[in-house]
């Protein structure tokens, strides 16, 4: 067995970084053992600071521009398809299943890229109030979101958890443990893409030491947990979140309009009509 | 006019364009010689030189194109929606890569300034393909729990004022929704459409999905009346639109029409005057006034009339008329001799009717079709220049005293495509917008287009919308 | 040497006329930005570019307003002002040098053998946070030392508190002190908050007797912008319509390169006309701008870009 340990890095802002704590954990692939950083509380705080900047940049682009960037990302992943499939196989996924996962992931990315400049037409609307007013409800992204994707080695699952907040203009910090190696491979494509620095930040490791910081950090506006997330831990998150009235939700990885909703807040504007 | 500081020529080179001596029709994935055995010339309206010869679409050519489309529909129906997306994204990308070439060619063939084709037309073209690509795989979202299907073969006839952009407005939604296309570009502007056909081939679009037949009104009528065409989309004059609508009576074919306009640009006394002047100028002189939604009637509140007109005339004098390929040109050539004659005749009628005319001083190049930016004041609503669509750089001014009067004058036309409202009072803008019979209303701006923003008219300006969620309905029907 | 100063048939308006003028002070920001962006697409090349570059040099107020300014520094700058490119005598002198009051005397001596004017800032530049008597004292000092032109700042404190009359009165009082000395009034557009306010401030400054209105002190991060310049230009045009008098415009703060400077000239030419394309009515507050303009001139004439060490320090 190959004893060489290769260290991968997390992706925060537009830099690849080790954990400031220096701690790591290992993942065993079929041909090698790799070490991933264990995210610390300070790493979380730094990531939030980067994600704030990322949110400013990302949300100020036009929807058309965001669509183009995400579509381009799908082209980049398509270009590296073989490498992704290889990684999945190294993680124990059978060839056919791996190929299917990557193909579907790309189609999902294309779907979300195309919804970026359309969702507002579907979710926003004029309200027919009784009175001489123009009344419009439209939705704005929450801001910085923290996502716990499922820890399965599946690009499709990862994207289904991350793309909803991303495509509506939020910035994202995600934390993966076993799936960390897949997330970091994706980070290489993110880094080469036109996604502004801090739009999607990728942390790795287990969450037990940082769950308090995440759930209490006032600048994280929403926390999404995956459908397999431990119920006791979700309760802790929800309880801490209440201190700042932070939104929390469970993501069910469905490709639909409703998947965007948890990451949006509705603004209704009234304007009188009259000479 | 002697200037202290004049701008040197800054010509965009036309070397980037590779023109063939002649072009065939694009049918079933490749270029084919016309069954009609006839060709016709396409010239540059700014120099009158011959650019190329294009095929004439006779009845047999149209039959061939429609047959190819029918077969193409069978193929296209089997293509996964997400793959339709990918073809359209690819087309968008290829257009972007060759955007300079497209822009130069558009200006050469049609006469519009390179600055406009480069900064407005071509970017909007790729944006449209990009936007509609993203609808292909999520049509079921667009109208809640409705079940849809495409019409099948869409016959599309487009005008000469925004040749490639009008093509994009038609082709992108049609293909995204699963339809196939037989398109006829305008007689005087076929070249960018032909270049677009090359792009489709390069993108690997399956044979028969996009077909192009060049020709004139006769060609168009063959398409309209063909029994295997399921839906017609037409942008052009109201006169022809009405003929098409009549021809389709009883056939069960889908129809959307985008016709003429005589838009009112209403300037209230509480407008931001300098920006309103800019907007009014943009509204009528952009694209030489060859715009169906042009703000061709200035409705000015009497209390600010003098001040406004003075500023307007001063601003008009800054418009640079000349070689479309000069990057500093604001107003290019009139698209054809025919159109120039029409404009000239209407302007003469305005003078004869008693209107006061102001025209800017400009020097025209020797050849080509040119018209000076023109402003009429002291116009009565009954004059022809106040009622008929001129489709040229001619602005007609009418005064009003109260908001109600403005509404009345604005709506006093068979057209209803667009309107403009200038005021710093939001409530008044909204009150006015509620009462205008127009499909597109611009407040404190004008001539703004976006693929996500539905465009289309009220009354005799047509029906059906292009762009946005509403625009999808032009190409989908209920699947019962 | 007799300097060609401004003739001062300045028309001042009464406060009530001024307030009436200010009624039409709304500016639509979106429309304004679009117009400015559209003007920036003008392609200025070849002869028209060379002509523009020479105009820009002649319109520069070469400026140094630093705590570390010394007599020596002023002397060097003055030499550059008189002869911007010693290797090319066809490049004109700049319009003026602009310094703090304490260096006016030195500057005046240094430019004495030329047509270059001496402008001095005053009125407690850049903040203007001092009582009127002190601002007047500041101004008189500069004039007594020989300043040809005075650049003052408006009282932003009063403006943002809504006391427009106070803003007006102060400028009026300082113009009285200036007499024939040419007065430029700095609006500090970066602090005014809106284009409506830029227009309002322009109208107040002109009505109170300013010969020029100027965008910025160059001492805050937000300096001149073409949008602010456009609003000021329209105000200047409207003021001429009402009174017959031509007020000039100076743009300062953040104009780093020739390309941007040329865009200002295009804007002025097309928005208000060629009457303003003259150093009598248009100025650039410049420090690093001048070298870029000289580089561009050299490139047009020789076909090659020069490094900055070819041009003497100023």
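Note that the chains take the letters A, B and C in the order they are written out, and that residue 1 is the start of every chain.
Methods note: a residue touches a chain if its C-beta (ideal position, glycine included) is under 8 Å from a C-beta of that chain, and two chains touch if they have at least 3 such contacts.
Predicted model only: the values in this text are computed from it and were never measured.
Taken together, the touching pairs link the chains end to end in a line with two free ends. Taking the mean of each chain's C-alpha atoms, the chain closest to the overall C-alpha centroid is B.
Centroid distances built from C-alpha atoms place C farthest away from subunit A.
Distance between chain centres (mean CA atoms), subunit A to subunit C: 51 Å. Each chain gets one centre point, the mean of its Cα atoms, and the points for subunit A and subunit B are 41 Å apart. Remark: subunit B and subunit C have CA centroids separated by 45 Å (rounded to whole angstrom).
Among the residues of subunit B, none is found touching two or more other chains. Taken in their complex, subunit B has these residues touching subunit C: 3-10, 115, 119, 270, 272-276, 278-279, 318, 327-328, 424, 444-445. Within the complex, the subunit B residues that touch subunit A are 82, 85-86, 89, 127, 130-131, 133-138, 141-142, 403, 426-428, 430-431, 434, 451-452, 468-469. Partner subunit B is touched in their complex by these residues of subunit C: 24, 26-28, 30-32, 34-35, 41-49, 51-52, 55, 234, 265, 269-270, 274, 277. Every residue of subunit A that touches subunit B in the complex is listed here, in rising order: 63-64, 67-68, 71, 107, 110-111, 113-118, 121-122, 132, 134, 256-257, 271-275.
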